[in-house]
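Chain naming follows the written order as A, B, C, D and E, and within any one chain the residues start at number 1.
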C-alpha cells in the first residue's frame, strides 16, 4: 500500500461524497447532472490511480477510463436533450415541479 | 524518492483543488459559477492524471471537460431564465439528508480504501508512447468488442438526443 | 335356512311390494306378516328338534353379516311375528279410511323386518344396523301423521333420545370387536374383566335408551303421537323390547358391577314410571309409562341373574300391552281422544272390547293364572334369591303394587263414566284385540316348556312369595279402583305428574348445552367472518380512501384480505411521492442497508 | 481468432446492420420500410442464434460470453423485441419520427444483448448506459408534460445509479487488476472490496431491473411513456438486467453475502410491487407495479445461482414466460384503455381478447397450466434447492397477493356493462396478442418436451 | 386403449369443440354436455371393469412431458383413486342432466363444467406430482368462474373468498411437491411412494405444508370458513361438484401424499391430525345445527363428515396392526365416496327446492312432504344416509373408521357425538321443511320432473347399494389398502 494511492483514492472518495450530496440536494436537473459528473470524475480518478499504482502493466484500466469518459459524454448529451424537451414542454427543469406522476 | 515526493505534493494540491471546486459547485447560487467550478474541478482531475503519468488520459480529460462545460454553460444561458447566469437563486432542498448521504458515501468509500488491502504499489509505469501503443493494441484486440459497443452507445446517444431535443413539429410548434 | 329367510324376507318383501305396487296394502302386509309368522314357527319347531340354524352374507371385509337362530332368538322371533300379525290385523280396521294406508303398511312391514333382523342377528354389526333401523322405522311411524302439530317433534324426540343412547351400543360394539377380534356375538360373550364391565355399562345405556328406562323415559311418553297400532307394536315386542332383548342376549357376559347398575336402573324405573303412570291423565300415556315400568321389571330380573324370567315377562308383557293398546285404540276411535276425562265410560259403551281390555289389564296387574302372574312370580323369586342387592325384591314388589294400582284406575275410569252409544262395530280391531288378550291370559301355560327349551329353569322360591305377589296385585287393583291418584299418592302426586323433573333435568343437561354450544359455534363463525370484514374496513379507513374506486364492480367484492392489505398499499404508495429527490434519498437509504447486509452477511456465514 | 469470434457474433452483427439500415430508412422517412427491415433483422438474428445455442465459450478474451445463458437470452429478447415493434407500430404508427423509435428500440435491444452476454464490467457499464439512454429518449418521445417528466425522472435515477455503479466497480478493478468477471475469484478474503463492487453492481442493475429500492422511476416512466414503450421497457431491458446480474454473480463466491442481500431485496420487491399495485386505478401504473413484483420473482433465480443447478434454467424459463405474458397484457391495455374503469365489460364485448387478458393475468399469478406457472415452479424449486425456503414461502404468499391484484382486472372485465361498442382492432396488436397467448397457453404444457 | 387419458381429456376436448363452434344454441350446449359427461361416465365404468392391481397402480399410461426434470404425463388408478374416479364421472353426468335448466350463457357454463371434469379426473388419476398439481389448480379456476358467473346473490365475494383461500392453501403443496422432487429427482409419484424421498426435518416441513393445503381443501377447522360461503353462493351443480368431488382432493391428497409419501413424519404428526379431525367433526356438526339456511347446513355437515375421513387416515397412521390400519383406510376411502353421493344428492335436492321456492330458509317452509313427496322422501332418505343410518351409504364407512379409532385412540371416538348432533339437525330440518302443517304459500309447488327424478333416483339407489353391499366398492379398496399397510 502506498500513500499516493490512498491520497488519490481519498480525494476521489471526497468527490464521490460531494457528488452524492449534489445529486440529492439540487432542485435543478442541470445541477443534478453536475453531481453525477463529479461522481464519475471520482470513478475516473479511482481507475487511473489503480492503474498507476497497482496494475500499470494492464491497459484494461485505461480502457475503462475511456469507457467512463464516453459514458459521461453521452449521458450529458442525452441529459441535455431531455432538459430541452422538458423545458419546451414545461418551461422549467426544476424537479420539484415534476410531480404529475406519482402514487 | 524526490520524484515521488513531488508527485505526492502535486497530487495533494490538485486533489485538494478538485475537492474544493467540487464543493464550490454546490455552494454558489449561480449556475454559471457552478459550471465554471465544475470545469475547474474536472481540470484538476485531469491534472492529477498527468501527475500519475497517464498523459493521454489527462489531456483527454482536460479537453473533453472543457468542451463539455462550455456546452453546459450555453444550455444554461438558453434555458434558465437567467441570461446573466450570475443572479443568486436557491437551488437546494433536503440539504441535511443529502449531507448525511454524501458523508456516508465518503465514509464507506474511505473505509474500503483504507482497509482494502491493496498490496504493494508499482513503482514504474510504461512511458507515454508505449502506453499509447499498448492502449491501441488493447482497443483493437482484447477490448475491441467493448470499444465497438462504446461506439454503438455514442450512436444511440446521438439518435436519442436528437430525437428528444428536436421540437415535435406538426404537433406542437406547427 | 328357509325358515330363517322366510321370517326375515316375508315382511320385508311385503313392505317393498306395498310401496312399489301401492295396492291392497293391508292385505299384503297381513299376508307378509303371516308368512313371517309361519317362518318363525318353523324356526321354533326346528329349535325344539334341537337344530341350529345360521346364515352368513358378505358385508365389510373381515366382518360378514351373520344370522343365527338359537332357542332364545327363535322364541323372540316367534313373539315378534305373532304380535305383529295381530296388530296388523287390528290396523287393517283402524287405518281403513286413512288415505296414506300404503305408506303406513309399507313402513310397518319394513319395521317388522328390521325387528326380526335385530332378533336374529348373529353378529354385532347386523345387530347395530337393525337396532338403528328400527329406530328409523319408528321415527317414520311415530311421525306418520306428520301434518298434525306436535307430531314431528315427537318423532324427532323419539329418534334423538334413542340415538343418543345408541352411542353406548356403538362404543360397546367397538370395544367388544376390538377385544374379541370378531364381530360374532357368541364369541364376544367370552370377554371378561374390565372390558366386560365397560362394555356392559355401555350396553346398559343403549338398552335404557331403547327401553325407555330412567332417565330416557320421556320420549316414549311423547311417542303416542303415532297411530295406535304403532304404539301397540312399539311397546310390546319391538322397539322398546329391543333394549331388554339386548341385555337378555348379553346377560352371560355381564359382570356383577353391571348387574348392580342394571338393577338400579330397572328398580328405579319400575317404581318411578309406575308412579308417573298413576298420575297420568291420558290413557295412552298411562300405558306408555306402564311400559317403561314393566321393562324395569325385566331389568330387575336380569340383574337378579334370571334373564329367562325377563324373557318370560317380555313375552307376557308383549301380548298384554299390545292388547291394551288395541283396546285403547278402539276407545280412541270412538271418542277421538285419549284423555282419561274424555274416555270416561267408553268401556261400558263397548263391553266386548272392554272385556278384552280388562282381561289384559288384570293380567298386567299380575293376577293368576294369567301370563304376567307367572313371569312376575319368577322375577320376585329370582330377586329374592339374588345375592347381589337386598333392595331388588322390595323394588320389584313395589313396582307390582303400583302396576296393579294404575291398571285399576284405568279400568275404573273406562267403566265409571256415562256410556254414550258406540259407533259401528269394529270386527278387525276386535279380532286383533281378542287374539292378543287370549294370548295374554293363556301364555303362562307355555312358560314351563319354554324354560325347558332354553335350558334355564327358575328355582323355586319360598312359599310366601306368591302370596306376597298376589297381595300386591290385588291390593293395588283395589287401591287404584277406589282411590283417585292424588289422594293415593299424596305429596308425590305433583312430582309424579311432571315426571319427577327427570326429563327436564336431562334436557337441561344435554340438549340445552348442545344447542348453546351450537349457538356459540355459530357466533364464533360470524365473529370470525365479521372480524375479518371489520379489520378490512379498518384498513380501508386507514388508507384514507384517497380515491374512491367503489364504482368498480370488484370493490364490493374485494375479499377481506385484500381489504386489509389495501391500506398497507396506500401507505406504501405515499413513498412514491413523485418527488425525485425524496425517492432518490430513499434509494440511498436502501443502498446503505444493502451495504450493511453485504458487510454483515459474510461474518455470519 | 477474430474470424472465429465474429462467427459467434453473427446475431449481434446482423442486428447492428439492421439498426444502421433502419436509421437510413428513417432518414428517408420510410417508416414502414424501417419496420420491415427491423422485423426481418430480428428474425434473422433469432435464426442465427440457433446454431450457437449449444456453445459455451467466450469471445474477445472473455469480454463477451457465448453460452447457454446469452444464447437463450437472445431467443427471448429478439422475438420479444419484434413483438414490441409491432405494438409500437400499432400505437404510434404514422406519427412523426416513428422510425427513430423503431431504430432506437433495436439499438436498445443490442444493449440488452451486451448485458446478457457480458463477461466484463465495461460491457455492463456500456450496456446499462446504452439501454438507459435509448430508453430515456423512448419514454420522452411524446414530448408532452407527462412524458418529459417521466423521462427526466428516469434520467436522473439512471444517471445517479449508473454513476454509483461505475464508481463502485472501479474498486473491483483495483482489487483484481482485471475487468473480467471471471477474475473476481481473486477477491476472496477481501470482503470490503467485494462489498463495494457488489453494492455498485446491485445498484446499477437493480435500477435497470426495477428492484426495490431502485424502482421509483418505474411507474412514472411507464405511465408517462407510450404504452407500447412501457411494455418494451418492462420486459426487454429488465430481463437483460437480470441476465447481466446472473453473468456477474455466478463467478462470485456465495459466502460474500450477496445471496442474502438479494434475497431480502427480492422479498421486498415482490411484496412492495403487489401491495402498491393493489391500490392503483391506472392500468399502466398497475402493470408497472405488477412488473416490479415480477422482478422480485426473477431475482429468486439469481439468488439461487451457484447453489442450485436449477437457477439458470429457472431464470430463463421465467424470463421467457414473463416476456410473453407481460407483453400480452400490455397489448390488451393498449386496446382497452389506460384506466381500470376502461376494462369494465370489456371481456363481454370482446370475449376472445378478454379471455386472452384473463389468461395473461392468471399466468402472471402463476396458475397452472400456464407458462407463468412453469416459470414460478422453476423459481421456487431453485430457491428451495439453494436452501432459501423462506424466500419460496414469501414468494408463494405474494402469489396470493398477486391474485388479488390481477383479479381486480379480471372481474370487472366480465361484469355486465354497456361501455364498449365496436372498436378498431389493429392487426399488429391482434398478432401480438395471438402470439403471446399461444406461447402463454401452450408453452406451459409442451415446452418441456424441447427442454434438455 | 389408453382409457384413462381418453376419459381425462374427453370432456376438455368436447368443451373446446363447443367453444370453436360458430353458432351455439342452448340445446346444443346441453346436448354436448350430457353426451360428453355421459361418455366419460361410461369410460369410468370401463376403467372400473378393468379393475386394479393389488400390488400398486394399474392401467398405467405414460407419455413424455418434461423429460429434463423427470415430469411426465403419468396416469394410473388403484383402489383409492378408482372409486373416486367413478364418483366423479357419475356426479358430473348427473350435474349435466340437472343443468339443462341453465339458460344463462349455457355454452360457457358447459365449457367450465367440462373443464372441471377434466381437472377432477386428472387430479385423481395423475401419478405425476407436477401433473397432479396442475389439475388440482385448474379445478380451482374452473370453480371460481362457476361461482362467480352462475352463483347466487353474493357470488363475487364468495368466489373470491373461495379462490384466495384455496389458492393460499394449495401453494404450500407446491412447495412440498418441489421438496419431494428435489429429494428424488423425479416427479413420479410411484417413486415417491416406494422410496419416500424426504426424511427428518425436511419431511416434517413438507408435511406441514401439505397438511395446510389439504386442511383447507378438505376442509378442517379452522380453515373451513370458505366452505359455507362458497356453497351458499354456488349454483347447484357447482355445490354438488364442490362437495361431491373437490373436497375429496383434500382427503385423497392426505392419503396419497401425506400418508404414503411421508410415512414417518405423518405418523409423528398423526395425533395432531387426529385431534383436528375430531374437533372438526364435532364443530362442523354443531355449526350445522345452528343454521337455518338449508344449503349452509349441508355445507357444515360436510365439515363433519370430512372430519371423519381425516380421523380415519390419522388412525391408520397411528395404529399398529395391519388389520386395523387397513380398516381405517377402508373406512376413510369409502367415506369419501359415500359423502360424495349423499351430499351430492342433498345439494341437488336443496337446489331443486330452491329452484321452486327461491328460498333456502327452513322457516319459510313446512309440510311439504304431502305436496312434493318425491322431493320430500328423497330428502329424508338422503338425510338419514347422511346421519349414518345403517343400510345407507355412510354407515359402513363410519363404522369402520370408528371401530379402528376405538381400538387405537379411544378418545377419538368422542367424535361419535357428531352422529347424534347430525341426527338432531337433519330431523329438525326435515320437521321444519317437510313435516308439520302445510304452508299454503307453496300450494302450487310442482314435484320433481323426469330429469330430476332420474338424478335423484340414481343417487339414492347408489346410496342404498353402498349401504347394503359395501363390498362392491370395499373389496377393491381393501385390496389396495391391505397392500399399502402390509
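In this text, a contact is a pair of C-beta atoms (placed from the backbone, for glycine too) under 8 Å apart; a residue touches a chain by one contact, two chains touch by 3 or more.
Keep in mind that this is a model prediction, so the values were computed, not measured.
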Quiz item: What is the set of chains touching both chain B and chain E?
Solution: C, D
Exercise. Starting at chain D, find the fewest moves between touching chains needed to arrive at chain E.
Key: 1
Self-check item: chain C reached from chain A - shortest hop count over touching chains
Solution: 1
Exercise. Please identify which chain has its centre, taken as the mean of its CA atoms, farthest from the centre of chain A.
Key: C
Quiz item: Which chain has its C-alpha centroid at the greatest distance from the C-alpha centroid of chain B?
Solution: C
Exercise. Tell me which of B-D and B-C has more C-beta pairs in contact.
Key: B-D
Quiz item: Quick one: most central chain, C-alpha centroids?
Solution: E
Practice problem: Report the inter-chain centroid distance for chain C and chain D in whole angstrom, where each centroid is the mean of the CA atoms. | Solution: 74
Self-check item: chain C-chain E separation of Cα centroids, rounded to whole Å
Solution: 34
Quiz item: Taking each chain's centre as its mean C-alpha position, how far apart are chain A and chain E in Å?
Solution: 65
Practice problem: Please compute the C-alpha centroid of chain A, do the same for chain B, then give the distance between them in whole Å. | Solution: 6
Practice problem: Hunt down the residues of chain B that sit against at least two other chains at once, touch-wise. | Solution: 93-94, 97-98, 101, 105, 108-109, 117-118, 142-143, 146, 150, 153, 156-157, 160-164, 172
Quiz prompt | chain D residues counted as touching two or more neighbouring chains | solution = 122, 126, 129, 133, 136-137, 140, 143, 151-153, 156, 160, 164, 167, 171, 174, 192, 195, 219-220, 400, 404, 407, 411
Self-check item: Where chain E touches two or more other chains at once, by residue number
Solution: 156, 160, 164
Quiz item: What chain pairs are in touch here?
Solution: A-B, A-C, A-D, B-C, B-D, C-D, C-E, D-E
Quiz item: Which residues, counting only chain B, touch chain A once they are in their complex?
Solution: 4, 7-8, 11-12, 15-16, 18-19, 22-23, 25-26, 31, 34-35, 38, 41-42, 45, 48-49, 52-54, 56-57, 60-61, 64, 68, 71-72, 75-76, 79-80, 90-95, 97-99, 101-103, 105-107, 109-110, 113-114, 117-122, 124-126, 131, 134-135, 137-139, 142-143, 146-147, 150, 153-154, 156-158, 160-165, 167, 172
Self-check item: Of all residues in chain D, those that touch chain B in their complex
Solution: 5, 9, 16, 23, 59-61, 63-64, 96-97, 100-101, 103-104, 107-108, 110-111, 114, 120, 122-123, 126-127, 129-130, 133-134, 136-137, 140-143, 151, 167, 171, 174-175, 190, 192-193, 195-196
Quiz item: Hey, which residues of chain D end up touching chain E in the complex?
Solution: 313, 362, 367-369, 373, 377, 380-381, 384-385, 389, 392-393, 396-397, 399-400, 403-404, 407, 411, 414, 445, 447-449, 451-452
Quiz prompt | Residue ranges of chain C touching chain E (in the complex, touch as defined) | solution = 58-62, 125, 128-130, 132-133, 136, 139, 143, 146-149, 151-153, 155-156, 159-160, 163-164, 167, 170-171, 173-175, 177-178, 514-515, 517-519, 521-522, 525, 528-529, 553-554, 556-562
Self-check item: Complex contact set, residues of chain D against chain C
Solution: 152-153, 156-157, 160-161, 164, 191-192, 194-195, 198-199, 202-203, 212-214, 216-217, 219-220, 255-258, 260-261, 264-265, 272, 275-279, 281, 340-341, 344, 400-401, 404, 407-408, 411-412, 415
